[in-house]
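Labels run A, B and C following the written order; every chain starts at residue 1.
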Amino acid sequence: MSTTFKKRNIFLWLLAVAFLTPIIILFFLSFSKNWRFPAILPEQFTTENWSYLFFSSGNIGQSFIVSLTIALSVACFATLLGFITSKYIAYHKYRKKLLLLTYFPFALSPVIFALCLKFYFIKMSLIGNVQGIILAQLMIAFPYSVIFFTGFWSQRIKQFEDLVATLGGTTAYAFRKIVMPIAKSLIMICFFQCFLISWFEFGLTSVIGYGKVETLTIKVFQFVTEANIFYAALSCCLLILPPVILLWFNKKFIVQTSK
Amino acid sequence: MGLNTKYAIFNTSKINIISFLLLLVFAILPLILGFGFAVSYSFGLIGVLNKGFTLENWSALFENNDVIVSFLYSGWLAIASLTLSVVMAMAIAIFFHKKFSKGIYSYLVYMPLAFPSIVAAFFFAQFLGNAGILSRICYQLGIIDHIQSFPNLINDRFSFGIIIAQLFLSLPFFILLYTGLYQTERIDDYTQLANSLGAKNKQSIFRISIPILLKKSFPNIVMYFIFKIGTYEVPLLLGRSSPETISVLAVRKLQKFNLYDIPQGYAIAVIYTIFIISLLMIVLKINKNEYDI
Amino acid sequence: MFLQINHIAKKYKDKQVLNDANLNLEAHQTLSILGKSGCGKSTLLKIIAGIEDADDGEIILSGSNISQVKSNERNIVYLFQEPLLFPNLNVFENIAFGLRIRNLAHADVKIKVEEMLQSLELTAHSQKMPHQISGGQKQRVAFGRALIINPPLILLDEPFSSLDVETRANMQQLYKTIAKKFNITALFVTHDLKEALLMGDKISYMEKGILEVFDAKQDFINADKTGVKNEIDFWNNL
């Protein structure tokens, strides 16, 4: 019995190693300078890369801010608007058909979707700027948010609204005093998940950004094509930093499940 | 009952109009406009080189096998990584479900979820590449004596690198799914019941646990398949120039400067969209009650 | 006549849920409505409360036709089967809810709620959250929340069906006491024969959307379809 126990545990340990190693390696790489074959460890460890981030007029720091701004905006709008619209859908006669429609943009590959809409973005002067990217990413995050919240407007919540009505309160009062407090934690989860949808986005951003808006993901790609793996690793570390922090607070923040 | 309620006022209120407009602007309109644009362009009705309605772009598409191969390749990649993820995750759930409900493993499993596709692609390029970490370890251990002796694990014929990267990204999701389902579907209770009826462990697993888990997770698997077909960043960095996945192929045709390729690129986008929407409708028809995420 | 329901009809999808429902209720009386599940009793109550629309018919309360009045203006309280307490408010605030909507001064709210808590024997639990109290206690809170605003009419939809036998008996006793004390006018829906006989001053029977009101309890007992005779025979033949 104990040998099978050990064998099984080894498998788990291997899994743990497999999940942790990438982060550790990326972290190491971001502190390195020279890494010629066949050395396993880099020849030089330095904090130069990270100081480049902070002290030069350097692009990585700027990209971090740009990505953060875009992601926070997308998260705010998508969560708020999605919450309101999901109620409309949940109580609608054609609930199922509307939900089907909402699923479509979310299921498509963002980069292909962006390419089909590029013409319109050019016409509206939303190409190559932050506003355009926020709008484009909203077309992915907003449907997600709507679908996320549709499960919330269940029979139970409707009963609460009816209850408040028979006690003399208006729909707005019910919304303020009862529905919003109950929905609080769900709203937080949706906010962070929309944040991550935007934070991780690459293809769509590169199409609509037209090379002028440089988010962190685009920076990673740039450094890879320049074969500058140390700056790429640094950008990667910055990219995974917010999700890891969010994970520390609440595991649910970073899981996007779809049924 | 209860949805046909006294909400006559509700139905015309400002909030409802706003909600409808939001849905239109952000969800419905982009789809119609984008699809319409792609269709028109592919039939030559609009575009830089448009000459009016023509089928030549579509026939050019099917002249060589590029497109069909691309679809099959994308499908194969998705199925390969999906199968590996499902099998591994189910095994983990069946044998280790307790470890993942709390404690260190329940946090570790979330680690890969903090990785965007492009970071995962970059990492595995550094790990599996010829000059990468695995190669260096092999050299130090004396397994290879030359940088060229290390086998091609990325940009290779079997798409090994792509599949491993996709596995890394999707495994946590399925582990969470199956460990969760294990609890909610009370698989423990059912296997105990089966054992009391004389079944051995192996039989319980194959006759009870796996069928229940598969049945309940089927919509999730199909949805995941739909998402993975359109994968872009990982094949972009870890794939070869041929075959390409659908997204990579479409982007190449649409972004490069060969203007004759652009209508074809939009035709590919049209085929892809129809394919995805059809799959989606099938999934959501089967899964009538559960529409939420 | 305090409450008059005339020719209420309601169809849902293809099923005629309510078919020409009529009833009269005098003030300060409780009318029991006995019926099996799915016979339309909840729908009737919801229509009276205003949270569902009837296809036909009218509702007259104290002489005025309230059929088109919004539910939050009818002053008719509907008590759900499951005691639906607001999960984000404690017992005190749940009971105070209706008073706070009516913008009562905080000091007045405190007095009224504490009085109600005493009548319901819930004073010790006033700061607890809903998930911390039992089913019977929740139902008492739901009562208190409804009664404290002194509604002219209360609609109870199988309020005790989710409770165990002993708690149910206690709650039935409590209802009778409170109904007298607060001079309640109510419609009490149940699928339990004994409960219908106990709770109501007058009894009615609903089957397949058709409501029959009995003028005297003896008529109800004598009627075959209500099942009282079968019960008596059963106990006698033991």
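Side notes on the structure shown:
The rule is simple: a contact is a pair of C-beta atoms (placed from the backbone, for glycine too) under 8 Å apart; a residue touches a chain by one contact, two chains touch by 3 or more.
Only a predicted model underlies this, so the values are computations on that prediction, with no experimental measurement involved.
Chains that count as touching both subunit B and subunit C, per the definition above, are A. With every chain reduced to the mean of its CA atoms, the largest distance from subunit A is reached by C.
Pairwise, the chains sharing the most contacting C-beta pairs are A-B.
Taking each chain's centre as the average of its CA atoms, subunit B and subunit C sit 52 Å apart.
Taking each chain's centre as the average of its CA atoms, subunit A and subunit B sit 16 Å apart.
Averaged C-alpha coordinates put the centre of subunit A at 48 Å from the centre of subunit C. With touch defined as above, residues shared between interfaces to two or more other chains in subunit B number as follows: 2, 5. The set of subunit C residues touching two or more other chains comprises 46, 50-51, 70-71. For subunit A, the set of residues that touch two or more other chains comprises 162. On the side of subunit A, the complex with subunit B involves touching residues 8, 12, 15-16, 18-20, 22-23, 25-26, 29, 37-40, 81, 84-85, 87-89, 91, 93, 96, 98-105, 107-113, 115-117, 119-120, 138-139, 142-144, 146-148, 150-151, 155, 158, 162, 171, 199-203, 207, 217, 220-221, 224, 229, 232-233, 236, 239-240, 243-244, 247, 251, 254-259. Those residues of subunit A whose C-beta lies close enough to touch subunit C in the complex are 159-160, 162-170, 173, 178, 181-182.
Partner subunit A is touched in their complex by these residues of subunit B: 2-3, 5, 7, 10, 15-16, 18-20, 22-23, 26-28, 30-31, 33-35, 37-38, 92, 95-96, 99, 104-120, 122-123, 125-127, 131, 133, 135-137, 139-140, 147, 168, 172-173, 176-177, 219-220, 223-224, 226-227, 229-233, 237, 246-247, 250-251, 254-255, 265-266, 269, 272-273, 276-277, 280-281, 284, 287-288, 290-293. By the touch criterion given at the top, residues 46, 49-51, 70-78, 80, 84, 86-88, 97-98, 101-102, 145-146, 149 of subunit C touch subunit A in their complex.
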